[in-house]
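There are structures below to look over.
In what follows, subunit A forms one complex with subunit B and a second complex with subunit C.
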Partner chain A sequence: MLGLEKKDTRLFLIVIGLTMLAPFLLNPFPEGSEMAQFNAGYPDLMQRFVIFGIFAIGFNILFGLTGYLSFGHAAFLGVGSYAAMWMFKLFGMNVVPALLLSVVLSGLFAVLIGYISLRRSGIYFSILTLAFAMMSYALAYSVLATDMDGPDKQGLMQKGLTGGETGLQLSVQDPRILGAKAGADGNTPVPNFFGIEMRSATEMNVGDWVFTFSAGYYFSAFVMLIAFYISIRIFRSPFGMMLRAIKSNQQRLNYTGLNPKPYMLAAFVVSGMYAGLAGGLMVAMDPLAGPERMFWTASGEVVLMTILGGVGTLIGPVLGAGLIKYMENILSKINSEILHQWFAWMPDGLEDLVVTLIYPFIGKGWHLTLGLMFMAVVIFLPGGLVEGGQRIMAALRGRKAKDKKSDADADVKPAE
Partner chain B sequence: MGILEVKNVGKRFGGLQALSDVNLSVAENTVHAIIGPNGAGKSTLLNCLVGKLIPDTGSVMFDGQSVLGRSPHEINQMGISRVFQTPEIFADLSVMENMMIPCFAKRDGSFEMNGFGAVRHQLDVIEKAKTMLEDMNLYEKRDMHAAAMSRGDKRRLEIAMCLAQEPRLLLLDEPTAGMARADTNNTIDLLKEIKEKRDITIAIIEHDMHVVFSLAERITVLAQGTPLVEDSPENIKGHPKVREAYLGESA
Partner chain C sequence: MDAILLQILNGLDKGSAYALIALGLTLIFGTLGVVNFAHGALFMLGAFCAVTLNNILSLSHEIVDETQTDFLGNPLRVEVPYIYDWFGPEVGASIIEWSVPLAILFSIPIMIAVGFIMERGLIKHFYKRPHADQILVTFGLAIVLQEIIKYFYGANPIPTPAPPAFTGSFDFGTMLGFEPGTIIYPYWRLVYFFFAMIIIAGVFAFLQFTTFGMVVRAGMADRETVGLLGINIDKRFTIMFAIAACVAGLAGVMYTPINSPNYHMGMDFLVLSFVVVVVGGMGSLPGAVLAGFLLGILESFASMRQVVDLLPGINQIIIYLVAIIILLTRPRGLMGRKGVMED
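Here is the complex of A and B:
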């Protein structure tokens, strides 16, 4: 299907199925039940799953295929966000042109950063990308946030290009030459896809369950599916093969008449464009862009997502992104009260002890859990969640094969 | 005039004059061996031919064109392929993929952006890679991880990868170093067969006299960065200076 081989078609269909049914799959617990807090099927979080999925898919094209570890990919996320915001402010609230500008601008930015950073490899490349990202952060935070209108004017550039610490926001005074300045309610207008508002949603009640279908989620999910499809094509293309060859042995590649530089730059730019797309989508879901989106922790997060899910695998980065965002939003909500409720059946002393032991790993301490998980994955499962899944499958299959074999033995024995 | 003309090449590393006044002419369609004791500058000379090092003085002409100042991939595209002392292959890729990469390089040049077409639809490249692997008796191993192959097979694969580019000059740096006798003999046979089948010039650096005298039509002896003599194998064997400088210690 779509020019994919069988195995990849199956994977793609599974991913389509999962993303389309996500509002059901992520809401397995009935509303009002004690477990409902583990439901992840609300639009805001589902959008984050797919948007960070795109970010990680793109990062994996660079890191997974070529082995070059960029530590500054959040810069492109930020550029994408600011680009989309300016599109909203200047032209109109349709998300398509906004996303196009996000992708183009972050791509151009990636040409510049990539061209310079790729003069070095290994740790020096990582440091260079980190330096560029932190410079971008500083630019967004202060340099580009100075008043560019002049002291007595309150215009568009009152807070510069980026809005500084508070970020870039929509205002009813924005020109928006191709659309309404304000929404129907007089407030700032809402991003839309040819009229379909991103924040619109319908709810469906089935018994005690409530499922929410949000336009924003489905739009983001479609974009992610396209991004995922393109990534499969890249992985299976001659270009993808060259990138893996670069990771494997650059010396041999040189002496095989191939020039690694343009291949690397192309990979870097494609990967930067994915990040820009993700940044643009964030703004399309929630029109506000701040400099913290470019901070080094954001660059580090996508590295964690990719490694946790499985570097160099097709689906791994999406899984990693989902897991981290789930932990960030769900695990962090559990507090000691909830823990006490769970362990109320224990004798008092024991209950307190258990709660005290678990407490550091939940709520704000979710980072601790993430850190431990990350260590465990790097040490025991270098292939990430994907390798974990493969091992489980192999074990199950192995047991099945064994069962069959003992069945066969059992069949033979009576005949003796 | 030879296909490769090295004139007055000198190369200094800090205080060490690794090469001085090297003149070498390799005639087209011959096997030319460069021998010499350890540290004589053989690898350094080879590195000057493929763009890994730039000599301080002198000129290197391949087929009438200077290679100096060009990067390794450009020199390779001119028609010079190189086999390394320890096999350099794409260890993380399959044997078939290893074979396909030089076929792509031959077909598309040093850079071609094809990020959307599937590798499995590149039938001409697949066909060529398959033929090369069959020629080298590696076809049964096509799906193997290249890293998992034996040293001898890695060497075969590396040579096959170089040949897939249809080079006019094949450079080999001690291709049998560290090999068992059987593997060494296989490599000799392989190189003989290659020479018989194609129009190719081979320049080989070798330590093993058995290999040199089985293959070479012409031999240059390098000592302390300078060519001592250049002659036919028969004359080299009997040359007193050579026996003294080199053969005496290892033959």
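Here is the complex of A and C:
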């Protein structure tokens, strides 16, 4: 289908199914039940799953295929956000031109940064990208926020190009030459896709379950599916093979008379465009853009996602993004009272002990769990969750099949 | 002239911190070949050693003070640190006030132990893995360490004052014949600078003038040959890791009065220290120290008003800008050796 191999078609269909049915699948517990807090089927979180999925897919094209570890990818996320925001402010609330501008601008930005950073490899490349991202952050935070044309010349409500610390926000005074200045209710208008508002959602009640279908989520999901499809095609293309050759032995590539630089720059730009797309989508879902999206912790987060899910695998980054966002939003909500409820059946002393032992790892301490998980993955499962899944499957299929599989694995690098 | 001198002085304390962290990073990189992203966390752990010692020294018990009464006429209950009981109130109070310098002694065994456990428990297994894996696992470790600290000490900065003898500032300018009041410099920053100089000199002397240091230097140059000569170089490198951890920890201990420690201070410094290491030249100890001070001073020059007026925002990006320029024009950094981290 669509020029994909059989295996990839199956994977793609599974991903399509999962994303389309996500409002059901992520809401397995009935409303009002004690387990309802583990439901992740609300639009805000589902949107984050797919948006960070796009970000991680893009990052994986660079890191998974070429092995160049960029520690500054959030810069493109930030550029994409600002670009989409300006499109909303100056032209209109349709998300399509906004996303286009985010992709194009972040792509141009990636050409600039990539051209310089890719002159060096290894840790130097990481430091260079980090330095560029931190520079962008500092500039967005301070310099670009100073108004050079005097205060509010165009009636814009923010300072300078980026709005500094507060970031960019929509306002009813924005010019918006191709759209209404204010929504029907007189507030700031909502981003829309040719009239379909991103915020609109329908609810469906089935028994005790409440499923929410949000236009924003399905729009982002479609964008993610397209992004995912493109990434499969890149992985299977001669271009992808070239990138893998760069990862395994760049010198040999040089000796065969091929110049790896243009390929790497292309990979860097593509992955920057993915990040910009993710940034633009974030703004389309929630019209806000601030400099903190460019901070190096944001770059670190996408590294975590990709590694956790599985570097160089197709589906890994999406899984990693989903897992981290789930933990961030669900695990962090559990507090000690809920824990006490869960372990109420234990004898009193034991209950307190168990709660005290678990407490540091949940709630506000979810980062600790994340850090430990991440370390465990890097140490024991360099292929991430995907490799873990493959190993479990292999173990289930029995020993004989496993031997066969490990033979196959020896040929196929984890970058598959 | 006085303004320039003031900026140089201002850059010294931050430069000292950069230099100390970068020195430790380079030691680890030069000996073990490991890129340690958890080094900032070690700096932070050192700072929290000082906080912990302060807390331990101020452990108190409640007694009834008959000489004081509250507004109802009842005897007042006051908290008295145990240390007052043991050494008398005056000596006790000064011990608490001097907790930051005392924390140097307190932190050395802790940091050596932490460094030892880290190397033997985790990093040992990553010698043969790619640099990207080393970066990632130490990055994870840094997150874990800083979250543990956050759990026990909270997210807010904890002010830890310097001993009263070193609080306040002195007029440095008058000593050099400038107008009074032009160059005011806090005592503690000067202490920090001299402390950093002593540590750096100590590390260099240790490497240069002891047999142990000689073996380590030989190992840095050619690990295999040293191993073939029947020397257990791994053991020595582990000790060097512990020393590097200790250097970072001490830098953190002494930095607490300058900047109240919080759980993410390590990461803030780490990002810059990596830039410092790269500018200095990966694997070059003098380069790391030189680049640390250089970038610290450059940063403070860039935050001068005249400079900021001329180039707005330059103070925020100067370090990164310098790093980019240096990496592109002198790929090995200021004093980098050939063949280090070059694939």
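For the reader, a short list of remarks on this structure follows.
As a convention for this text, the second predicted complex is superposed on the first by the 391 of 416 C-alpha atoms of A that agree within 3 Å, B and C clash if a C-alpha of one lies under 4 Å from a C-alpha of the other, contacts with A are read in each partner's own complex, and residues count from 1 in each chain.
To be clear about the criterion, a residue touches a chain if its C-beta (ideal position, glycine included) is under 8 Å from a C-beta of that chain, and two chains touch if they have at least 3 such contacts.
None of these values were measured; they are calculated from a predicted model.
In the overlay built on the shared chain, the residue A:Met241 is in contact with subunit B alone; subunit C does not reach it. Using the contact criterion defined above for the overlaid structures, shared-chain residue A:Leu178 touches neither subunit B nor subunit C, since it reaches no partner. In the superposed model, A:Leu21 makes contact with neither subunit B nor subunit C.
When the two complexes are overlaid on their common chain A, residue A:Leu130 makes contact with subunit C while staying clear of subunit B.
By the touch criterion defined above, A:Val303 reaches subunit C but does not reach subunit B.
Contacts of A:Leu357 after superposition on the shared chain: neither subunit B nor subunit C is touched. Within the superposed three-chain model, A:Ala266 lies in touch with subunit B and out of touch with subunit C [touch as defined at top].
In the superposed model, C is the one of subunit B and subunit C that contacts more residues of subunit A.
Across the two superposed structures, the residue set of subunit A contacted by subunit B and also by subunit C is empty.
Across the complex, subunit A meets subunit C through its residues 67, 69, 116, 119-124, 126-128, 130-132, 134-135, 138-139, 141-143, 146, 250, 296-297, 300, 303, 307, 360, 365, 367-368, 370-372, 374-375, 378-379, 382. Subunit B makes touch with subunit A in their complex at residues 50, 71-73, 76-77, 81-82, 84, 88-93, 97, 100-102, 104-106, 108-120, 122, 161, 165.
Contact residues on subunit C toward subunit A in their complex (touch as defined above): 35, 122, 125, 130-133, 135-137, 139-144, 147-148, 150-151, 267, 271, 274-275, 278, 282, 312-313, 316-317, 320-321, 323-324, 327-328, 331, 341, 343. Put simply, subunit A touches subunit B in their complex at residues 3, 5, 230, 233-234, 236-242, 244-245, 247-249, 251-259, 262-263, 266, 270.
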